[in-house]
Each structure stands twice: as structure tokens, then as C-alpha cells.
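Shown next, in C-alpha cells, is the structure this report addresses.
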Amino acid sequence: MTISAGLSKDEMAARVAQDIPHGAYVNLGIGQPTLVADHLDAGSGVVLHTENGMLNMGRAAVGDEVDGDLLNAGKVPVVEPPGAAYFHSADSFAMMRGSHLDVCVLGAFQVSAGGDIANWHTGAPDAIPAVGGAMDLAIGAKQVFVMMTLFAKDGTPKLVPECTYPLTGVGCVSRVYTDVAVFEVGGPEVVVVETFGTSYDDLAARLDVPLRQG
Amino acid sequence: MTISAGLSKDEMAARVAQDIPHGAYVNLGIGQPTLVADHLDAGSGVVLHTENGMLNMGRAAVGDEVDGDLLNAGKVPVVEPPGAAYFHSADSFAMMRGSHLDVCVLGAFQVSAGGDIANWHTGAPDAIPAVGGAMDLAIGAKQVFVMMTLFAKDGTPKLVPECTYPLTGVGCVSRVYTDVAVFEVGGPEVVVVETFGTSYDDLAARLDVPLRQG
Amino acid sequence: MTARICDTVAEAVDGIADGSTVLVGGFGLAGMPVELIDGLIEQGATDLTVVSNNAGNGDTGLAALLAKGRVRKVICSFPRQSDSYVFDGLYREGKVELELVPQGNLAERMRAAGAGIGAFFCPTGVGTPLAEGKETREIDGRTYVLEYPIRGDVALVGAHASDRMGNVVYRKTARNFGPVMATAAATTIVQVRQVVEVGGLDPEKVVTPSIYVDRVVAV
Amino acid sequence: MTARICDTVAEAVDGIADGSTVLVGGFGLAGMPVELIDGLIEQGATDLTVVSNNAGNGDTGLAALLAKGRVRKVICSFPRQSDSYVFDGLYREGKVELELVPQGNLAERMRAAGAGIGAFFCPTGVGTPLAEGKETREIDGRTYVLEYPIRGDVALVGAHASDRMGNVVYRKTARNFGPVMATAAATTIVQVRQVVEVGGLDPEKVVTPSIYVDRVVAV
């Protein structure tokens, strides 16, 4: 049994953007979650936080806009929109740890039915671990959204009963946005909120977690 | 036996000022210690800290200089000299608690031979206690100087074997500047560094702490 | 949500519940949210816990709130002042509870609340009556007292200016407790002298970013 | 003492001892004290513990210091990058020790060092391998890990400008770790683009007051 191709990365990002409340303060993790910014229009009132010390972060800088003193968490030059504010790293992570951000969007290797997330380390013995701000983000934001493909390249599901990779945070994820479905995790059952080019029964057959139709 | 009148408050303040190293960062407690500022000339390079959030605090404001947004810890309007910096209360007390101030000068009800200080509460049952920044200052500065008269109005010494008033800080005072003598405390004996209009023997007769001539 | 810019003080303090813990900024009159306190008096919430550096002066502001019997408990560092007679009287009559906290601990405990710190080992007050009954621990040869966060339901902050998003700047020593309290309360209400357009503040000078600010009113 | 304004980078980094813990600011190249690191390479101190967000890129800066075998241990949040091959190689060969710290804990542990906090209960990393072996405690229904301060013997900070007393301002996201590291080290050395006269900086914009700054050099 195969699951037919679902959303592209950009479509996934658009789907995540759709669930970000008007005026929310949001941190987009480095990598794919950064794409979500492209789907938040000015009218969304969303304010982006970058953990290296800025609120109301702007889009990627182009040409003459590039300023070596103005980077996002992925070390990409960005611009400063009106209403920006700067702060140092301890203040930035205090903002995060103190639950002031409404939403953060993270990539993941695995998410468990209970809302655990693993996204910093494959556990491979020769891998060089790097955690950055992932653990702080995972436990800090009021809502943690994960954006990932539902299946690894080898076909194994990334939404799992228990994470086998080293954890980033425990019981902190609320929603998982994948190419084939959106899930709510952290409750007694995983709720399938929406599917894309696949059916609830297909998902139930492929996943080893207790599912419920949303 | 009486001890002849020693230094005036202003002379005590001048004596304290003499021991403040060039370029030191200093907090002067409210009340008498504030007088020390009048004896620090511009060439001293001393930078004053006020715990309500300013470094390089200036002198008291007069006339048109008065600005309701610019007060010292005693709530007296002051001026802003070039090179000032402002910060919030948590940063201000972090500066203090983190041992970044070189000297603070405090008033006291009592100081013990071991360097304990009592300066916030008489212990009287109907007294309303108020501590302000005294405990933070007492344990925070690299050196804590106390400035007080050596004897209370009833003639009892304020330099004592053990404080009987509620403590502000334990073992934190290094020097005690009084109207009749300067003492080093905190060691096995109290060292008499200097006397004013009195003799070592007079002091030894009046005080109940182990003394040594400095 | 970015801050709501309120037209009136009444709108700014609307909905403060009985029994709330209210963090009140200011050191002396610098940074004191005088109009917001007056608004709170009008608004009527009672059984309040007030966290502030002082406990009121003369007959106005916090003293007036106290005089009306609306404050159950004061958490502060320095209640006793030359003109704190309202607090003094209520305290002596046993009509208001006092938790006395060293000024730096007051600031750091609110900072911990805002920063998601569960508790911290602090050297201030060790061996004094204010640490009595508290857990202590020796770390690297020094004794520390375990201190817990102080959270507010509401913070009332006096500041200099804000933009229409709620980014806030202070002026001189009026900064004091405001920025810390703004991080430590569920709802932060700021009074400013003026509200400017978005882009009207220097982003390097913003001390309280809009994320911490719920309501702003110009007074 | 207010800061010493140094004429050369060599003077600024003079006296850094073998075995020192060196805090190195910057996030990417923003705020990276590139010239001070080059100066440290020249200066010769070895057996260093380096605390920084990353562990060097390409062949310059921290990577060059690592390549010369001068670093015993790296404390950082994110060593692995596309061009962190110098660190990667040394780590795989067991020639450099790594303490991996979540980025917020890195900042907060240095903040604690600067603020005289003995230790703090932090929710970050609970239940993960980075909290293994650490003391935990439940407070108000949430589990926290006890984290200890990270102190530096020296901090190397890249900033925008300073006045001749040593008050320092930063620019945009180049602020990052610099202000925290400046508070956490026994000796703080700051490189700036320009040194201005005392009075030439807006006191409301000073992020690192001179009390934290020992040496300044314009590069």
C-alpha cells in the first residue's frame, strides 16, 4: 500500500501559516519552518522572533540590503521592518522560556503520540551533536507546531508511539503538519485533523499510534 | 572615662573618600554615606552606582536641573554627567550581587568584630521593617565599608562582639569608619587603623571586642 | 497579539479581577504609573496583593488604594518612609499583610517569573531573618537561599513612550522595575506620555518589546 | 576601574593565561570578535576552554585557534555546521572535549555567573540526554533541571562602539551573547569599530555599562 504524494514543502508551509493566529508572536525554526514566513502576509499581524535577539524580524535581505550585523537564526541576512526591537541572548531566551511566544514551528526527526519531539541528534555514534535553541524552543512556546514529512526516506513513519532518537523535549508538541495529514498530538489518541491525498484508513494502516478521526 | 569629640560627619565622609581607590565603582548607601560623594573630586575617576538603575550618577540637581525621571536611591533628583548609563532593577542588582562594584558604603546600627552588619531593623516589636537594597549591597560589593558613630546616643558601642539587632549580612564588612577611629573587621582581631582625638587604650577600655593596634 | 492602544485609563484597567496580584512599577515617583493606580481605584478590584518597591506615600496613589481597604497584602522592599502613614497604620492594626523582600530579590524573583526559571539560589539575605525557614545550600563554598518567582496577574507600568505595536521606551531612572514587571505579569498595562507610529522608536532603544505589552494608554 | 583603551589588539589580549576559560561572543559573524581571536592566536595562550555559540567555521577565527591545538574543551550549543570541519575532525579524533549546552542555557548560565546566582532550576532539556545526571526538581507541577553558572576568565566581545570610559553599544543582532559574556568574565575585552569621547553615546542605548569592560580596542 502506498500513500499518494501529498503537499509540497511550500504547501505544507502554507497550511501551517493558516493555523497561526492573527497577531501571534512566532518563532520559525531553521530549515523548512522558515518557509512559513512566505505565507504570512502583512495583514496577518504576525510578529516573528529570532532567537539571536530580534522581534519583528523581516524577510531575507537582497542586494544592498545585506548587513552583516543583521542575521536570522539560520545566519541569513534579513531586513529590519518598522517596529523591530533588539535584545541580547539571555533576554531572548528568557522570552522563549518564559512562555511569551505564542507559536513556534520546528522540524523533527520524530514526534511521539504523546507530543515528545526528537530533532537534534540521530543518535548515530559518530554524529556530532548540535542542539542550538531547539530544546529551549520546544519547551518555551505556548504552542509547538512540528512541520515534517510523515515518512522517512526509508518509508518508516516519523509519527511514532515513542521516539527512538534522543529527545529534544517531552510532551510539548501540540500539532504535527505533514505532507499527507495534520495531526493533534499529546492527548490519549492522535487526532487526524485533515488529510491530503490520503485517507484516514490509509494512515491508520501505516501508523503505529492510536488514531482518532478529527 | 569619656572619649573626646572626634570627626564630624563631613570629616568622616572625607576619611572614607580617602580610602576609595582611583576609578572605583562605588555605591553610597542612603543617609550619611551619601556625603562621601562631596569628597570625591572629578580626578578621583570614581563612578557612582545607584541601585534604582544608573551608573555614573551625578550630584544633586538644583533649580532647573530637577527632572522627575532622574532620582538617586534616596529619591533625590540628581544630574546626568557624560558617560552615564541606565538599566532596569534586575540588571542593577545583578551588577551588585555579581560582585562588580568595588566598594559600597553603608550606615549601620551595629557591626560585629567578624564583619556582620545590622542596619535595617531595630528589632523593636512595633517597628515597621524596611530593607530596601541594604541586604543586596551588604553581600554584593567587593568591599563593604561602614560609616557610623562608634557609640549610640546612650553610650553603648555599635562595634560589638555579636550583633544583637537583626542582621543585614554575615561577615561582609571589611572596614568601619567612625567618628573616633577606623577599624578593620572580619579577622581574628579588630584592627585599629587610625584614631581621631582618642587613644588605642581608651578604645580598648570602651569596646568589648578583641582589638589590635594597626 | 500586539498591544491594544486604549483611549482611556478606564479601558486600560478594565477587567482586573478581585484577588489579583498587581505588580506596580516605579521607584519614588519616577516610573510610578500614577494614572493607572487612580484608574484601579476607580475600577474597584479588591482583595489585591500589591508588589511594588514601596508601600505608598502621602494620601495618593498606592496609599489611596490601601486607605480604601482594597489591598490584602503588600510585597515590597521598603514600606517605611517619612510619609507612609497610611500603610503604617493599616499594618499596625493588622489590616494588611507584609512580605518584606530585599530589593534585588524582588527584581530577580520577578525576572525569574518572566524568564521561566523555577527557582534560584541567591546569596542575598543569608543568615538574616528574611531567609528564615527558606531552603539553603552551599555551592562552591558560599551559602545561598532558594528563592521562588513572583508572578503578577497584572502589571501596571509607567514609561515614557510606546509605538502603536506596544514597543516601550523609558527615560532615565524611571526605567527601574517596569521592564522586569512587564515580563512577569499575565497582563501588562503601560501608561506612557505619548504613543508614536510604528517605526517612530529606535529599535536599539526599545527596552520592553511589544511581546510583553498588552495595553497602552497615553496620559 | 573604567576601561583601558588599548592601541593595539596585542595590548588588548595581553596576559591571557594558559588554561583560561574564554567566552567568545558572536552568532555567525555578527558580533564575532574576529580581530581579538586573531590576537589570541598570536598571543599564544593554550589549553583553553572556549565558550561560544558555535565551534568555528572554515579555517579562520575559532577554527584557526582549534586547528593550532590550543583548545582543550569547547562549551557551545551548535558545533556542527556546513563548514565546521576543523572542529569535526578534532572531535572525532578525541582531541577536543565538547560540552553541548542548549543555547538558552548557555546564555542563562553566563547570566547567572554575572549576576551572582549560585544555580537555577531550568525547564529546558528536561527528559533529554543533555539533562542526564543532573539534579531535577518538581516545582508547581513542572519538572526543572538544576543548572550552574558558567564563568569566564576572559570574555572576547565584538561590539559597535564604546566611549573612552568603556560604555558599549551594539548594533542590531550583533548584540547576541556579548552583553551577557561581558558580565560573566573576570576580564572583558571588547573590540569596537570606533571609540568616541565620553558623552558621545546615548545613555539610554548603552547595553554594556563600563563597569563590565576592562579593555577596549578599535579595529
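Here are some notes:
By letter and in written order, the chains are A, B, C and D; residue numbering begins at 1 in each of them.
Methods note: a contact is a pair of C-beta atoms (placed from the backbone, for glycine too) under 8 Å apart; a residue touches a chain by one contact, two chains touch by 3 or more.
Note that the structure is predicted; figures quoted are calculated from it, not measured.
With contact taken as defined at the outset, subunit B and subunit C are each touched by D. The interface formed by B-C recurs in A-D: of the pairs listed in B-D, A-D or A-C, only this one shares over half of its residue-numbered contact pairs with it. Among the remaining chains, the Cα-based centre furthest from that of subunit B is the centre of A. Comparing chain pairs A-C and A-D by the number of C-beta pairs in contact, the larger count belongs to A-D.
Here the CA centre of subunit C is 33 Å from the CA centre of subunit D. With each centre defined as the average position of its C-alpha atoms, the distance from subunit A to subunit B rounds to 54 Å.
In this assembly, the C-alpha centroid of subunit A lies 35 Å from the C-alpha centroid of subunit C. Averaging Cα coordinates per chain places subunit A and subunit D 28 Å apart.
Residues of subunit B in contact with at least two other chains: 80, 86-87, 93-94, 96-97, 140.
Residues of subunit C in contact with at least two other chains: 108, 111, 115-117, 122-123, 170-172, 203-204.
Viewed as a network of touching protein chains, the structure does not reduce to a path, ring, star or complete graph.
You'll find the chains touch as A-C, A-D, B-C, B-D, C-D. Contact residues on subunit B toward subunit C in their complex (touch as defined above): 50-54, 67-72, 75, 80, 86-90, 92-94, 96-97, 116, 121, 126, 128-136, 139-140, 166-170.
Touching subunit D in their complex are the following residues of subunit B: 22-25, 45, 47, 49, 55-56, 80, 82-87, 93-101, 140. The part of subunit D that touches subunit A in the complex is made up of residues 27-31, 53, 77-81, 84, 87-88, 91-92, 98, 100-108, 110-111, 122-130, 160, 170-180, 207. Partner subunit D is touched in their complex by these residues of subunit C: 108, 112, 115-123, 137, 139-140, 142, 144, 148, 169-172, 202-205. The residues of subunit D lying in touch with subunit B in their complex are 1-2, 111, 113-117, 163, 165, 167, 183, 197-199, 203-204, 206, 209-212.
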